[in-house]
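Next come two complexes built around chain A: one with chain B, the other with chain C.
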Partner chain A sequence: MTTPVRVVAPGASSFGTALRDALAEVDAPGCVVYVCGDEDAATVGPLDALTPDEWDRRAERVLRDALAALRDAHRELSPRGGRIVLVAPTAGIPGAPELVPFVTAVEGARAMAKSAARQWGAAGIAVNTVLVPLELLVPSAAGATSFLSPPAIGAPTLAHVAAAVVAFVDPSRHGVTGATLVVDGGSVMAP
Partner chain B sequence: MDPRSNDRRGVDWDDRVSVSALENLDGKVVVVTGATRGVGLGIARYLAGRGARLVVSARGAEGLAALSAELDDRGAAYVARTADAGDRDANFALVAAAVQEFGTVDGVVANAVTSNPPVPVEELTEADLDVPFDASVKGTVWLMQAAFPVMRDQGRGRVVTFGSNAALNGVPTYAAYSAAKEAIRAITRTAAAEWGRHGITVNSICPVSVRHHTPGLDDPEALARFERGFSKQPVPRDGRLEEDIAPVVGFLLSDASAYVTGQTLMADGGRIMLR
Partner chain C sequence: MSAVDLSGRTVLVTGGGAGVGRGIALACGAAGAHVVVASRRENGVEVVDEIVTRRGAASWSQCDVTDRESVAATVAHAVARTGALHAVVHNATSNQSSVPHRLEDVSGELWEQHSSVSLRGAYHCAVAALAALRVSGGTLLVMTSPAGIEGSATLPLYATMKGALRGFAKSLAREWAPHGVTVNVVSPLAYSPAMENAVAEDPAMEERLARRVPLGRVGDPEIDVGRGVALLVSADAAFVTGQTLGIDGGHFMSL
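Presenting the complex of A and B:
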């Protein structure tokens, strides 16, 4: 019997739904994929006009959701070990104008994932991050990363992302944890 | 962009992911340099076990004979060639052998490395720098150049190069080796940017698996000290060649990594998490 990857996505994330569908036939017990980011969090707006309420919705809520997801996944996986994959936009690496709260939260969530990897590694729980183009995760915010180099390999697809996620849920890669894999066709190649 | 509107660019993708199809290495033609020892040996064994057709190389005929005997026992399809990694013609000959024997090259694994004894920076000589740059940096470039026309013409290819945690973190007396390894990662990103349009991905791996070349571990106390050195990292042990390192290379050679290029994947048990 197939145990599909459990995909957790906050808010109304069409990307999360599509990723869940794409991974529906992957047999991966003991795996949780968390999609970090949604339309509301990735609302563009100038930094100088940012209100405390907006900061809470677009940065701190994203971090709180990520923390809750990691804790839930840990509770679920800790008896036997397993794999957690954080899926987030690449935009946190180069930064993105008009998206300051969101990309701040994304990088915070990635740091959280690495710290969780250090804390839970000995218990057999690997935590890795897959970074994808913002335009896939939140199409409405795509313009905020228009300054990036175009990908060296064509346009991004959901299938490409799903394939890379599968690589991290595969138990054969148990020696990889705390890693960040950028799946963007070579647009962001930060060393 | 609607995340469901896939531009598959000629790849037979389906939204529902088939793991076995994406990661299938059966029949893939892969050149592995430095294949008779350590990480390279683990990769050769892993790939052979998954049905890849191999061109394996090393400097020493003796090690190559031992590997050949093992591949014969496994029933693997392979070609074994002695080659100096820094010799441009020898790298081109490896790719030519792959094309002659198997008709193509799907991937190259530029693993061969020659290192020299540790030297403090203030004592480095030109010869000290030449050793890793000739074998590792130039060897990587020559192998990539040799494979490029074949991969370009078929619109697909996978190049896997090797960086080092020692280079990323900085380790005293390893300046020459570390400089060479970082140079390789820079070349990797550049080639990725140049060759992506041909469907060729170029990625690095930074593996940590050192037990196989650490002397003195027959001594229980030395072994205990060695193992304690890994106790603070998330996966608290040295990397295993076939179980930890080779599967990451397998991913980078497979269709599952079709949209991953110019990247460095750490296979180090979470030791440094640099990025």
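Presenting the complex of A and C:
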């Protein structure tokens, strides 16, 4: 019997639903994938036009949700260990204009994942991150990263992202934690 | 004596009443700026007195960065007092920053203590200061830490906030570049009240830490970090934006 990867995503994330479908056949007990961000969080607009409530929804709520997801995963995995994968947009590396609150949350979530990797490693829980192009995760926000170099080998597909996640949930990769894998076809190429 | 010239410039420093913030305020004052020392507690008055005693110019504005109106009032104070605002240094951080914790045990209260000062405070500073910074072609600085880049085994919330601030600054640097306003990040290693307390409890800690710093010592808040910040808020750094500058004796080189 297959125990699929558990994919946790905000309710409005069509990417999360698609990733869940793409991973449905993968037998990976003890693995949780968290997708950071959705259409609402990645609403494009200047920072100074935000209301405090919009700031909270697009920055702080996204981070609180990431914390809640990591804590739930820790509770689920801690008896036997396991693997957690954060999926987030590459926009956090170069930054993105008019997407300040969301990118704030994304980079916070990445640092949170690395901290979780450090704290939970001794319990056998590995935490890694897969970064994907913003337009794949939130198509409506694609214009915010239009300044990026074109991908050297072409834009990645959902299947490429799923393959990267599968690599991280593979128990034979026991020595990998706190890592970030950029799956963007060779656009950012950083760090 | 500072080699950086901040004459005629107004620099606002949040969390300016103690530690690294105090050092930044003193260094900017020594470089000729009018320093608006923004602090929740009245220790900011003592920093103003120190700057004035050294023949610098400074004023205190009581400021709670978690309160949007309080930050707006401090920015208004800076502009009313000096006619302009050239730089905001958001240095304030939660007084829980250096208290070790487990990620799985984080309470809503602890989260709020970190987030309200670091993230919402940065948002409040940015929104309140934009109009004045556009006029002056000024700059916004936020403070980070290696923990924000590589995570932390003991301070995961602190790491989260410091990582988030780098995303905030890089994005805002792109967004505000058309306005002629720069945004940068500083990652300091210097004595703070929290570090001094920790060293007092564990004197060997200072030597352990110094061994990990290529330059062999922990930085001084004014001479090392403050002067570096003074350079970044000067006109000489007008073409620098979206960058993270480590002022840490080479402690972190993995950027």
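Criterion: the second predicted complex is superposed on the first by the 191 of 191 C-alpha atoms of A that agree within 3 Å, B and C clash if a C-alpha of one lies under 4 Å from a C-alpha of the other, contacts with A are read in each partner's own complex, and residues count from 1 in each chain.
Everything that follows uses one rule, which is that contacts are C-beta pairs under 8 Å (C-beta built on N, C-alpha and C of every residue); 3 or more make two chains touch, one makes a residue touch a chain.
These figures come from a predicted structure and were not determined experimentally.
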| item | value |
| --- | --- |
| Overlay on chain A: chain C relative to chain B, clash or fit | fit |
| First (chain B), second (chain C), both or neither touched by A:35 | neither |
| Chain B versus chain C as contact partner of A:85, first or second or both or neither | neither |
| Partner chain in contact with A:117 - chain B first, chain C second, else both or neither | both |
| Partner chain(s) touched by A:172 [first = chain B, second = chain C, both, neither] | first |
| Touching partner for A:77 - first (chain B), second (chain C), both, neither | neither |
| Contacts of A:191 with chain B and chain C, given as first, second, both or neither | both |
| Chain B versus chain C as contact partner of A:52, first or second or both or neither | second |
| First, second, both or neither for A:181, with chain B first and chain C second | first |
| Which of chain B and chain C A:8 touches, first, second, both or neither | neither |
| Three-chain overlay, closest Cα atoms of chain B and chain C, distance in Å | 5 |
| Intersection of the chain A residues that touch chain B with those that touch chain C | 114, 117-120, 178, 191 |
| Chain C partner contacts - residues on chain A that touch it in the complex | 46-48, 50, 52, 55, 59-60, 63-64, 67, 70-71, 74-75, 91-92, 94-101, 103-120, 147, 178, 191 |
| Residues on chain B engaged by chain A in the complex (per definition of touch) | 1-4, 6-9, 13-19, 22-23, 185-186, 189, 192-197, 199, 201, 233-236, 239-240, 243-245, 247-248, 251, 255-270, 273, 275 |
| Partner chain B, residues of chain A touching it in the complex | 14-15, 18-19, 21-27, 93, 114, 117-122, 126, 135-137, 139, 142, 149, 151-164, 166-167, 170, 172-186, 189-191 |
| Residue ranges of chain C touching chain A (in the complex, touch as defined) | 68, 102-104, 106, 111, 115, 119-120, 123, 126-127, 130, 147-153, 155-156, 159-175, 177, 242, 255 |
